[in-house]
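Structure incoming, see below.
Letters A, B and C mark the chains as written, and numbering starts fresh at 1 in each.
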Amino acid sequence: MRQVLAVLAVVAAIVGLWYLACIPMNMQGVLVEAERAGAQVSPPEAAARREMGGVSLALRNGFAIPATWAQERPRLPAPHQVAVELWETTIDKKITSKRSLVYHGWVTLSATLLGFAIGTGLGVLLAVGIVHSRVMDMSVMPWAIVSQTIPIIALAPMIIVVLYSVGVQGIIPKAVISAYLSFFSVVVGMVKGLRSPDAMQLDLLRTYNASKGQTFWKLRLPASMPYLFASLKIGIAASLVGAIVGELPTGAVAGLGARLLAGSYYGQTVQIWSALFGAAILAACLVGLLGLIEKMVLKRMGMA
Amino acid sequence: MSSVVSARGLNLTFQTSDGPVHALKNVNLEIEKGDFVSFIGPSGCGKTTFLRCIAALEQPTGGSLSVNGMTPDEARRNRAYGYVFQAAGLYPWRTIARNIKLPLEIMGYTREEQEDRVRKVLDLVDLAGFGGKYPWQLSGGMQQRASIARALAFDADILLMDEPFGALDEIVRDHLNEQLLALWARTGKTIGFVTHSIPEAVYLSTRIVVMSPRPGRITDVIESPLPRERPLGIRDSKAFIEVAHRVREGLRAGHSDD
Amino acid sequence: MVLVVLALVLWGAGWWLNTRLAEGPHSGTSAVRLAIPLIFGATVLVMWELVVRGLNVPLVILPAPSLIVVRFADSIPILWADFVQTFVKGALSGYLIGCGAAFLMAVAVDRSEFLRLGLLPVGNFVAALPIVGTAPILVMWFGFDWQSKAAVVVVMVFFPMLVNTVAGLRETTAMQRDLMETYAASYWQAFFKLRLPAAMPFIFNGLKISTTLALIGAIVAEFFGSPTLGMGFRISTSVGQLALDMVWAEIVVAALAGTLFYGAVALIERYVTFWHPSQRR
């Protein structure tokens, strides 16, 4: 209960700071508009205003403060503007509309999920191979670990273009990026998990003369579950970022990344922020869903 | 005013979800200067809680408690005692010597003074030459000796020890008991010692406080007739066995009313 | 075709060699531990070369490693300028500012139980979000040059670092805190002598995660606008010109920068937290 209260307090503080930040951020633009509308602005010269900071302008033009939260194209949109835009583009718009955030979200989500499924599947398979084969372990594992320190997302634009030039377009190129971004974190996490049983537990199964397969199904796999889910959560977040970045270089017309890019071309800040929050909500839902599945699985296994 | 620790009608009640727990009830005890007092009893009898009250790590809910004629918290602020915990709790990122310097740094001793004292206490606990080692390079017994050295390094005339040897094996324990007695004889400190081993309590103490649980209270205080000079062999003497017997009887009496 | 067959033979030979090494009597030695992944990597590279030449794969799909090496050697001044722009100016400055700010924030939060209770879930939540998405906004605010890239990096590393530091500063046992109490140590004495050193493994965990995030942030932010240099800029424009050898050369730079950056932080970690069980030798 105290925790909920504390979280709410922190969130309220962030929203409050956000509203405050809007004032100096948007003041210049608001004053230009106000002057055009014939209002008395201090100082009256546009050049003098450009020299001044947002805070001091706000102090001299207190009347303009409410307007900083209601601009058409603010530098920093106020929270409620983003919320309204989110509402209009998700609930009010038909989901088939090109302007619906649900539509764009789905374009990104489908690529994310497809890639994540492929990446996870391959990652788990490789991890099983690594745990059971000393050669694979010693050959591949160091590279898998090194890959975690490399910004492999830099490959994304190339993958899109190369696959395009061989005739593959649409969901697949983005899914490929999503797949390899989740792949490595799943491999590393799963290997760690499959190795987590200690020597005593392995010795116990050896006293039963259990086969390799039995050891895997009865000990290694169940023991790896907490590790698997931890890396799945990291993996799906990486997959989503991969799908979004995959939409940037081709000038894609649909998807959350495309909304971000279009927004930044046309200075539609409210659109950028709502796409950003759309992506954040999507990520939160995906991670939350995995957390829920994790809880259920671990509960059934008697581990939580 | 010769009492170092004086408890009168001390009470401590913890509020838990299952209702109040009487950790200490009506505890009366005087500890004189230079005493070696052991607290013995089954788990839950409040022996550790009482020691923590003396150290101002717990707040009593009733009665009065004074340490060196002050409240326990004032005594803590005056750095009146050294405390040895169940585990050595040495910082792994500091060498043994720097672990012993830790309280000295906090209390603002000069650098030369620190070096000097570290050397002295390392000698005292038989760890000379190990100052440059890290705790994880030493055995459990040596780590515990280092933690005792850490408690001895500053000028506190009280030493509070909470089952300091509980996690060690019997042979190491005997050895450390012997060293502790020698150290007590040399320094003349007042020692409060929590244990659940009857032979340990009898071997070390001038007074043995027998406690029992639910509610935590003192059921017997036994003045030891043994001389202050105690070779290990004293444990086979008739006097020793008699005291041990009395302690055992006291523990059993405390249990019978469950 | 011969080259492709050769590639397959080479693959078999490399694998056979590694099997012999891995299951041989010396497989535990550090020389073999180092040799096996290197042999594996070399085999993959040579196979790549042979297959690309054997099947005449066009440059716009996959350039041969030898071409990439030549391109790399020819473009060192360009690559260096890109590296300075993206890594030194963008990633590194953002990393230092972001991690420093997160550390100070964590220290401030640590004094209040209530703040910590509220900030930890929020921080964990934000750390899982696609924060690179803030890049277009920050590019709009701070311009095309490295300042906006540094700003993206600050935002990206802030929360993982904050969460790790806050968790680390909690990482003391009740006994250790009681000991400080018996010394009547002040807040800052307990902080510097106990809590900060005890937090170091966590802090370095945050610092290590942040190295990769910093590079990702700096590169991806350049996709949203940059002056005419920088690793992300070079990658996106070279992709547009189908100069894939240049793209690969730039990726090599990114890989080297990422690994060395991480390695440097891990080395400092080894020096600072030598006492931690995971670092003892």
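In the analysis below, a contact is a pair of C-beta atoms (placed from the backbone, for glycine too) under 8 Å apart; a residue touches a chain by one contact, two chains touch by 3 or more.
From a predicted model like this one, the values you see are computed outputs, not experimental measurements.
Asker: Mind having a look at which chain is the central one, using mean CA positions?
Answerer: Of the chains present, the most centrally placed is C.
Asker: If you take the mean of the Cα atoms for each chain, which one ends up farthest from chain A?
Answerer: B
Asker: Measuring centre to centre with CA averages, how many angstrom lie between chain A and chain B?
Answerer: Inter-chain centre distance comes to 55 Å.
Asker: Taking the mean of the C-alpha atoms as each chain's centre, how many Å separate chain A from chain C?
Answerer: For chain A versus chain C, the centre distance works out to 18 Å.
Asker: Find the geometric centre of each of chain B and chain C from their Cα atoms only, then give the gap between the two centres in Å, rounded to an integer.
Answerer: Chain centroid spacing, chain B to chain C, equals 50 Å.
Asker: Considering the complex alone, what residue numbers of chain C touch chain A?
Answerer: 15, 18-19, 21-23, 27, 32-33, 36-37, 39-41, 60-62, 114-115, 117-119, 121-122, 125, 128-130, 132-134, 136-137, 139-141, 211-212, 215-216, 219-220, 223-225, 231-232, 235-236, 239-240, 242, 244, 247-248, 250-251, 254-255, 258-259, 261-263
Asker: So in the complex, which bits of chain C are touching chain B?
Answerer: 173, 175-176, 178-185, 189, 193-194, 197-198, 200, 273-277, 280
Asker: Along chain B, where are the residues that touch chain C in the complex?
Answerer: Contact set of chain B toward chain C: 55-57, 76-79, 81-83, 85-87, 89, 91-93, 102-103, 105-107, 134, 136.
Asker: Using the touch rule from the top, collect the residues of chain A that touch chain C in their complex.
Answerer: Those residues of chain A that touch chain C are 2-3, 5-11, 14, 75, 134-135, 137-143, 146, 148-151, 153-155, 157-158, 160-162, 165-166, 233, 237, 240-241, 244-245, 248-249, 256, 260-261, 263-264, 267, 269, 272-273, 275-276, 279-280, 283-284, 287.
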